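The same chain A turns up in both complexes below, where it pairs with chain B and then with chain C.
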Partner chain A sequence: MAIRRGRGVAAINYPTGMNLGGDPTQALVHSTPTGNFMVTLSSVDLGQGMKQIMAQICAETIGVPTDRVVVDTADTDTGPHCMGTFASRGTHRAGNAVIQAAKEARQVMLEVAAEELEVNASDLETDGQGNILVKGAPQKSISIFDVALSAHFKRGRSISGRGMFLIPRSYPEKETGAMKPSTCYAHACTVAEVEVDDETGEVTVLTVKNVFEIGRALNPKMVEQQLVGGSWMGISHALYETTEPYYPNRDHGGTDFNQYLMPGPGDLAETEIIVLERPSADGPYGAKGPGEMCANPQIPAVANAVFDAVGVRIDTLPITPERILRALKAQAAN
Partner chain B sequence: MAKVPVQFTLNGSEKAEFIDSGTTLLNALRDKVGDTSPKGGCHQGTCGACSVIIDGELRLSCLTLAETCNGTAITTTSGLAEGGVLQPLQRAFLDTFATQCGFCTPGMIMAAKVLLDHTPNPSRDEVVEALSGNICRCTGYEPIIQAVLTAARANSQNAA
Partner chain C sequence: MELRKSYFADVRKDDLHEIGQPRPRSDSPGHVTGKTAYFADRNFPGMLHLKMVRSPHHHARIRSIDTSEAEKHPGVVKILTAKDVPHNVYTILILIQIGPEDETVLADGKVRWKGEAVVAVLAETERAAQEAAAKVKVDYEVLPAVFDMEEALKPGAPLVNEYHGQNYYLYDSGECRKVRFGDVEAGFAGADHILEQSYQSSPIEHAPTETTGCVVAPEGNDRFTCYTNTQAMFFTLDNASIILQMPGSKLHFVGGTVGGGFGGKVDVIVEPIAILGAKLTGRPVSFIYSREEEMQISSPRAAEKVVIKDGVMKDGRIVARKVTGYTDAGAYSRHSPYGAQKGAGHYPGPYTIPNVWIDTYCVYTNRTPSSAMRGFGVTIGDFALEVQMDKLARLIGMDPLEFRFINAYRDGDMKAHRQPTEGAALIECMQEASRAANWPVAEKYLTMSSYKNGA
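This part shows the complex of A and B:
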């Protein structure tokens, strides 16, 4: 009886969003009379940072500071349609819709500015600080504040735009069965090191080293935040979480946080996160969906590490001490 | 059901309410007093989201009857910022990105505040121990541990 060490590796290829039915999301953008911009969505920010990212995307597209953008989310009664915040699709789908809406709003904004400055709209550019300048003659400029006032009270224009992102549904080809389930994939690779006590079946994850390829990190700190949390969740899925250990008999199922286990602050593995940025072709400013993907590779990596440590393949999650001991017993019997 | 009077100070101001006997402090704070910073996660003492400080001690408000709090001084996360200025502990949660959905955050901050009040320079193990009654679904805990250690450093620099 001993503590045995093992190391496992796993790599994943993870689609952003889903294709069944086309996966649409819409967005609306409009300016207030003082030149702030409002993004209306029915996508949800549940802590992953949707509001911040959509504000950044809208600000970048229109050419204003991020704090000039307000994002309203999550009301499906009043907001433009969104399929939902799941499948790592929020940034990619809603972000693309916001870009399209913001471009349309920007065009109206430049047209109003052009009338005020008596130039051609195509000769104008934004400085990212809230001003519109004549290209090559920056002394000739107007603030977006004044443009919005003019649009609202003088020119009778609505500085607004509509955005829609829809990947048409892909059906399998009759002959080959080939189809295109997604247009954008994130990738990850994890190496996990574990210790397995072959007497108790207990697994301790010592280290998890993750590399994530997530397209452009639109907000690097928030991406890191997702990845750190996701890596922890992956270990939690691999070793702890289940409501129904004896499915379908729920008699011994977890009913509360005393029984539904997750690693606590004292159970953390040494975690390393490396981000590779390879901008995606169809993502907003090159983004992909890091959300769900980041909690996946740890699971097969831990399973492989357990195999490396004690020679048993556990193919049912979570990898509980009981499952390991049963497998060890079966192995010894053979 | 007969109402019972209860009086305590909440974040420095006097509160007096008539409540149903048996009301938890969590429900009294949220529904009667209107302080929604303590969160109801499990209502049975296992998640820590409802943590408040009563007379300097960390307590689970979901397991505390409001009527037992007569004459006490209660602190919640909503009482920490002074005049809109965040305390170093709150600032540290922002700076280390220790919040995602934020549901656990008020409880975490309460637990961390009691730790730092008693142990201004805690070790990592002491931080882990202090947070171990609080569940977070989002962050993986490491950013929260870093927030508390960062706040401890900020406090000791201010003191120096």
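This part shows the complex of A and C:
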């Protein structure tokens, strides 16, 4: 009887957005009188930080600092339609809608600035700090604060824009299955290292090294929180969780966190996250949807590591100590 | 976390101001100081609490329902049964033309899973609602149930759901969604080795910190405001409008930051019945799942069975792959036909294989309906695919990581569902994993590229 060590690898991809498309999202953007920007959506922030990301996308597109953007969302009386926050679609779909709306608002903003500065709008650029400058002559400039005041009270212009993003729905061909499930895919490769106690069947995940390719890390800190959380969820799926421990038998389903097992802080592996960025052709600033993908590769990587450690295959999830011990027993009997 | 900017630097401009910056989240201070408002923080004078009477049986006919004792219970204001729901038989994906309507808001004549909602009790307190619910008498005739997908698909199995007429979802392509590419039998015939393996998962709970729920307030203008933690505002509003036969203009949905979704809050279960309760009593209504309901009543991730048969050559090339996937939908469709179909579009994984055959089935059994969950249609498929890849590599005596490089898809490669690969990055992820995990592979794999022709 011994503690045995093993490691396993898995590589995966994941489609962004609702399978087969047909999932629209809209956004509205407008300026307040003093040049702050309001993004209006009906998308839902699940705690992953969608509001923050939409603010950064709007800020980048308009050319202002993020703290001048406010996001109003999840109210059906004010926000235009969004299909919902699921299918790794929030950033990709709503982000594209925000970019389109923000571009339209930016164009009006530049037109008003052009009138004030008596130049062509196409000769203007933003400095990202809240000012609009004449290209090549940055001493000739006007603040967005002043442009918004002028638009509201002098020029009678609405600095606003509408955005809509829709990938047309694909219908699978009946006989061949020819279809377009998605327009972009995120990628991952995970290496997991485990220890298996061949006396108790207990698995300890020592390290998980995840490489994720996500198109563009729009906010690296938020990318990190989502990818680390996903990686933990993957380990939990691999080794702990189910509402029906003896599926398809319906008995013994957990009804609270004493009975429904999940790893606690002490059970979590040393987790390494490495991010690659290959911008997607149709993503907002190249972003793809990594929200679901990041919880997938750990499951097979852990399963393969368990085999590497003790030489038995557990092809049924979750990989519980009971299943490992039964497999070891069967192996010894052969 | 580390950003490895050396990969794909030639196709990426890093000239942005706000994007790519680790700005602090504007909502974090509210979360960590307890100031963020969630739907359950809404509390209205005179608010009623809704509790469900649920089926104790996996499959049964309802002979009769007697609510007389429950109605007399102190604090009870209203009791709802199937006849009170204007459009009681519904299915949520009807909004994107995926039918048939196959589920009841409140059971009508039959229950198809243990825990199914039968009677809704509205009372002044949660306790009164709970106590009254226990006094509702339902006379059941227990019917044979089926829990195993293979059993359910056999002729003569108990019929789970009459609205389907058979224990699987009928796609326009027949009993399963199909993908056919190349000639899979010819591929097997020419292969050096064949490996057929079966994989199985069990249902999994989303386990959000905040359980599913909503609070509904009737407004003075004949409208209803629904404070909810749904993941999809208009999807829920539009389905509620259908179920209640109420114009959407009468409904105002307010969401906000949700305490964890993971796909568990897109089923439209609590809102319609709570709005109906508010309409029929003229009072605010709160319907919030207990942790037990969240664990066993709310939809889990579907259990799946995946059978993979591969033909592989000694040099590492996979020449044929046949995948048969089974998704256990439980008693009703919800999002499971979509999930099973998503699997058909995902197999055979991120590998270029010339001969592919895929069948994915959505199967009905007498258990809690499964539905959306983070990655559904793909997560369990990836478990099966990637364990299979490990087995194949060992079968031909090859390093598992090198084996994946040989088969990895690249830009321009035709996928089984007949879309050319674009924007691939699997090879680069594996190269970086090889370095980070100190898992050596031959030099030729480290110089590969996802770009077309490796250029």
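FYI, the second predicted complex is superposed on the first by the 314 of 334 C-alpha atoms of A that agree within 3 Å, B and C clash if a C-alpha of one lies under 4 Å from a C-alpha of the other, contacts with A are read in each partner's own complex, and residues count from 1 in each chain.
Note that in this section a contact is a pair of C-beta atoms (placed from the backbone, for glycine too) under 8 Å apart; a residue touches a chain by one contact, two chains touch by 3 or more.
These numbers come from a predicted model, not from an experiment.
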item: Which superposed partner A:217 touches (first chain B, second chain C, both, neither); value: second
item: Partner chain(s) touched by A:22 [first = chain B, second = chain C, both, neither]; value: second
item: First (chain B), second (chain C), both or neither touched by A:209; value: second
item: Chain B versus chain C as contact partner of A:184, first or second or both or neither; value: second
item: Which superposed partner A:256 touches (first chain B, second chain C, both, neither); value: both
item: First, second, both or neither for A:47, with chain B first and chain C second; value: both
item: Which of chain B and chain C A:306 touches, first, second, both or neither; value: neither
item: Partner touching more residues of chain A, whether chain B or chain C; value: C
item: First, second, both or neither for A:151, with chain B first and chain C second; value: neither
item: First (chain B), second (chain C), both or neither touched by A:268; value: first
item: Touching both chain C and chain B, counted on chain A across the two superposed complexes; value: 46-47, 49, 221-222, 224, 228, 233, 256-257, 262
item: Contact footprint of chain C on chain A as seen in their complex; value: 7-15, 19-20, 22, 42-47, 49, 51-52, 55-57, 59-60, 63, 65-66, 73-77, 79, 81-86, 128, 169, 172, 174-182, 184-185, 187-191, 209, 211-213, 216-224, 227-228, 233, 237-238, 241-245, 247-250, 253-257, 260, 262, 272-281, 285-286, 291-293, 295-297, 299-301, 303-304, 307, 313, 315-318
item: Interface residues, chain B side, partner chain A - complex; value: 42, 44, 46-47, 97, 99-102, 127-129, 131-132, 135, 137-145
item: In the complex with chain B, residue positions of chain A that touch it; value: 46-49, 221-222, 224-226, 228-233, 256-258, 262, 264-266, 268, 271
item: Contacting residues of chain C [partner chain A, same complex]; value: 1-5, 7-8, 11-12, 16-27, 31, 58, 96, 114, 147-149, 172-174, 177-181, 197-205, 207, 230-235, 237, 251-263, 266, 291-292, 295-296, 300, 303, 328, 338, 341-342, 344-346, 349-350, 358, 365, 367-368, 372, 374-375, 377-380, 382-387, 389-391, 400-401, 404, 408-409, 416-419, 422-426, 428-430, 432-433, 436-437, 439, 450
